[in-house]
Amino acid sequence: MYEIGVVYRNIQRTDPQVASELAPFGSATVHEAMGRVGLMKPTLRPIFAGAQVSGTAVTVLLQPGDNWMLHVAAEQIRPGDVVVAAVTTDCTDGFFGELLATSFKARGARALVIDGGCRDVRALTAMAFPVWSRAISARGTVKATLGSVNIPVVCGGALVHPGDVIVADDDGVVCVPRAGAAAALAASSKRLVNEDEKRAKLAAGVLGLDMYGMRAPLAAAGLRYIDE
Amino acid sequence: MYEIGVVYRNIQRTDPQVASELAPFGSATVHEAMGRVGLMKPTLRPIFAGAQVSGTAVTVLLQPGDNWMLHVAAEQIRPGDVVVAAVTTDCTDGFFGELLATSFKARGARALVIDGGCRDVRALTAMAFPVWSRAISARGTVKATLGSVNIPVVCGGALVHPGDVIVADDDGVVCVPRAGAAAALAASSKRLVNEDEKRAKLAAGVLGLDMYGMRAPLAAAGLRYIDE
Amino acid sequence: MYEIGVVYRNIQRTDPQVASELAPFGSATVHEAMGRVGLMKPTLRPIFAGAQVSGTAVTVLLQPGDNWMLHVAAEQIRPGDVVVAAVTTDCTDGFFGELLATSFKARGARALVIDGGCRDVRALTAMAFPVWSRAISARGTVKATLGSVNIPVVCGGALVHPGDVIVADDDGVVCVPRAGAAAALAASSKRLVNEDEKRAKLAAGVLGLDMYGMRAPLAAAGLRYIDE
Amino acid sequence: MYEIGVVYRNIQRTDPQVASELAPFGSATVHEAMGRVGLMKPTLRPIFAGAQVSGTAVTVLLQPGDNWMLHVAAEQIRPGDVVVAAVTTDCTDGFFGELLATSFKARGARALVIDGGCRDVRALTAMAFPVWSRAISARGTVKATLGSVNIPVVCGGALVHPGDVIVADDDGVVCVPRAGAAAALAASSKRLVNEDEKRAKLAAGVLGLDMYGMRAPLAAAGLRYIDE
Amino acid sequence: MYEIGVVYRNIQRTDPQVASELAPFGSATVHEAMGRVGLMKPTLRPIFAGAQVSGTAVTVLLQPGDNWMLHVAAEQIRPGDVVVAAVTTDCTDGFFGELLATSFKARGARALVIDGGCRDVRALTAMAFPVWSRAISARGTVKATLGSVNIPVVCGGALVHPGDVIVADDDGVVCVPRAGAAAALAASSKRLVNEDEKRAKLAAGVLGLDMYGMRAPLAAAGLRYIDE
Amino acid sequence: MYEIGVVYRNIQRTDPQVASELAPFGSATVHEAMGRVGLMKPTLRPIFAGAQVSGTAVTVLLQPGDNWMLHVAAEQIRPGDVVVAAVTTDCTDGFFGELLATSFKARGARALVIDGGCRDVRALTAMAFPVWSRAISARGTVKATLGSVNIPVVCGGALVHPGDVIVADDDGVVCVPRAGAAAALAASSKRLVNEDEKRAKLAAGVLGLDMYGMRAPLAAAGLRYIDE
């Protein structure tokens, strides 16, 4: 249950080195390394291409059409954080724009992930402040109703606890729980090595059917080849 | 993070009396009583009108196009439970139908809430087994990939722990955390009394503007009446 | 442009007899009679089947997640009105429920058309108070931000001025401008007569191809019959 | 590729007895019996609950906002047919209403499946003429641009050839190719027998885990039971 | 009510200087300056990034799958206009492409805003002719059914009168009514000055909480800080 | 009806020269040249801008959340092919990424069109391997359930037979049946010549109204010019 009207100040962040080292693996690899879990819905898209970040989550729960809590959240940001904003109901309003991005950046935030709308995308692109959002909308918001900061939130269908690691790139956004972050980093690293080997073979013309030993299980499943 | 391939057998259920007594208040009242939290998205709709249930959650995490875990979940059902099924990715397939409903009912389940599709709706209606789903679809599913049973899941955008209380009716589905269930019941009860008083006044022609004392705050907010 | 924070009290309503007599023709006939204009999007659906109403529009502009203005609107309702509520941004929250319906009904409102969500649908059905909405949602709303009452609004993609006629049934909702209401009533009436004649012929097996004289224009457009 | 501006008059219909006998099995069973193929998307929904039909397909290709070809199709209907209407682009307009239904019924049509909108739903319900559509919309259409009748069409994502069997009920719509209809009937029949046996066992409390012998494959897949 | 089959030739355009000077403020600032109204839905997106225009509206009402009226509109374009095209029903067809853009550009149009689809996006990008549309689709349209030119239209949920100012950029599209354009320009200008001051403070690490004086109202609303 | 569990090895491909020469005409021109048919829905979008390809279709039918058949398809690819992947139910999972792209490219594939999700878009962009997909999603898939290769499939609402020509660019994807490919090429070529002439006239200020001779039919349809 969401607790409304509270700000938790002393959250436990994942080790910053682990949090930072997950970025280069990207959301697809990290999500696979964790056993195909933790991914946000593909409705969350980057506002510009090419950004690839990871960092520790500061979470925010917003009310529809109201960005008050993003200002409250700014104070809780520490260098290396990624702000994760959920909304209590589906809303595409532009909760976040250039001014808040200036503040977040000054506080050391690396990115925003918001299950709502974003605006000032040209300025944000120029600032190179990456945002993953469900919409781009010029529509402004009010500051009238409390939400919360640093409570567990559901963003893009994924559960995020404050202090978890967020990994985001052009493929999407994945949340790595704090307790599993080191393991996810190790598994991602191992997975990448495997991928390099596989890539070389496939580029040389080896088929996945042979490289992965799929022919026998496919035949066992009943696959028939027809040459008519 | 979702844990894949596990079944928790000894979950702690909310007190059955509390869980059962929440039903008559309905999802809107209970959700208000909790502070407007815990509600699933309105994309989850009942397959027939008029059902109103509450019960303790047995949770299931399904894979797309695969209902294997619903069979695993059946064994964990106890009388008074409501099964809550999430899927690791958006999928409208008909994961659940008459046969599973027969089994769930025999085990004592009161309802199913599924963030996926349901089929055999005519038979389910005849059986009076209520289902809240995001789609109705005849499409069948396979039994090939593991999910989990009785782990915390995100269903319809709401976090549900096994043993929480689910309250569902024509307005939607709300999840009441186990620790807050007794308080939610008390608050709902109090709220309903208030609503009875208000209803009588409004029916007699009293305006909400007066009953709720809204005229002063509206004027303070700058509302202007124009008589041209 | 929407004017925010105003309530127009002296709106000019369509003649009540004209407004009332449009109901039995239904949205499809009235919309055709007007030249296929004025229809709201099919995303607005009735919360129960079978209601068929018409009445003069009292309009409301709501803010997302905020139903304050519905209370302000209640005071402006006169017998025979239909309340039409737009929202400044897409929002499925349950802005309207049993208590407001009790108040609206006591004031003489015939129905609500809302480009947002509705709740307490079981109670509203029992009260026989019809609502056309874009969603059913238990989610409650706040009372914090001003909108307006009796300004022109866009609801379901259709422009509605206060005092226009709203015709709504199982097929949807159409807005008839005040200045054109008498003409629309006459045209609807004439159209219905025509439909009765056509229905009888078609039921007797006459083809539309012949009844409407379509064969020549179809041939002229190049339609070819193939008997292979 | 769609051929535009043609009407095929001599289509080969599935044996009428086979076509008719598929109805009672319903879309879910027939679709399973065919190997889980042929199902239309769940966006196609019945306009009223409880209809369950099967019949031979007369196909129509419509242009957006234009129902001219439904009139052309009416002439090609024979008793026992189900009209299947595709549109060249997504469009929710009310292509079909009471008058066309009167004509279709007089020609012997059992139902309409349309990947577009339908109107006059109250009248259609009173006539007991079932329609599966992607929308209900009062919006009328023109008669200006040619489509085709009795060409293969894609409706709701499923390929339908004229003369195929359509099976539709509350769960959705499935297309059974003419060449496979007898086999689908036999397989559905066999499947139903199996379902009766299974239903009795499940009602008696037998678990699907045991009835289907799932425990070993689940264990082989690595499912772990945790009793903490 | 839409008037069908008419072209208004003598529309009153906003002062061209005012219309042109709104562009650099962008849709977010102008929409805020007007009191958060007039914005089209975020479903309208630019076909390429970076365009930022304003101009006087020439409006068009199209029928689904039919772009006839865009040719009629071309004749009404004067240098500095932005064409705003609504459709009588939702339709993603490619109503507009390179040839019409060539014509519109030759007439002096600055952009197109269309609540439908657009095609030839590569060519339009090369021509630097900006389009805001709800879809990109290669699908062509017919020229068969009348709509209108220069009547008030609802586009993207916003009411647009011919001669109003349209401001569009990467954040979306806003309509500024002719009568309020000068005031909107003045308010936007003032707002921008304020934003520059705020940006500098925030970049220097000042919190919005302090800059906007939010701490007291947040406390009054009940916000609690928890340090556990 | 889809045949499940089969791979057709000896498909008949369209003449490779014809297949290749269609690319420069683009999806809009080719689709118009064919009579406005064969286009996939605009929900299929390129993962990066600027790609323009044509080639012969190798078709794949996938199961939701399962990319096994893409590996089977790889073996059937010949230089000049475009892989077209349908899914038996709507699913946005990332069925395809860098490793499969490496394999497809090594086999000579020119592109992938998939009615599902794609991942590794940064790497695919760097490889210049174009993909048209309905979603971008990091979510991985399993290899558990059979589909088919080189059967006719419905992808993006369009029917595609193996060996047909696929033409894809920024405007979308069109399928040209093998039997009509040469004619489509000729018609596209002719159409392009016409477009060049038209473009020059329109750029010189000639109106489409005059160039296309629309004034008379518009008047005949009743268009009225109003100069008030």
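Order of writing sets the labels: A, B, C, D, E and F. Residues in every chain begin at 1.
To be clear about the criterion, a residue touches a chain if its C-beta (ideal position, glycine included) is under 8 Å from a C-beta of that chain, and two chains touch if they have at least 3 such contacts.
In this text the structure is predicted, and so the values were computed from the model without any measurement.
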Chains in simultaneous contact with chain A and chain E: C, F
Chain pair among A-F, A-C or D-F whose interface repeats that of A-E, sharing over half of the contact pairs by residue number: A-F
Cα-centroid distance, chain B relative to chain F, in whole angstrom: 42
Rounded Å distance, chain B centre to chain C centre (Cα mean): 31
Between chain B and chain A, distance of the C-alpha-averaged centres to the nearest whole Å: 27
Touching two or more other chains - residues of chain E: 36, 88, 90, 92, 137, 139, 145
Interchain contacts, given as pairs of chains that touch: A-B, A-C, A-E, A-F, B-C, B-D, B-F, C-D, C-E, D-E, D-F, E-F
Contact footprint of chain D on chain F as seen in their complex: 1-4, 34-38, 41, 88, 90, 152, 154, 157-159, 175-177, 180
Touching residues (chain side chain B, partner chain D) in the complex: 5-10, 68, 71-72, 74-75, 92, 94, 97-100, 102-103, 105-107, 117, 119-122, 125, 135-140, 143, 145-146
Of all residues in chain E, those that touch chain D in their complex: 63-66, 88-93, 137, 139, 142, 144-145
Residue ranges of chain E in contact with chain A within the complex: 26-28, 31-32, 36, 39, 42, 45, 49-50, 52, 169-172, 174, 195, 198-199, 202-209, 212, 214, 217-218, 221-228
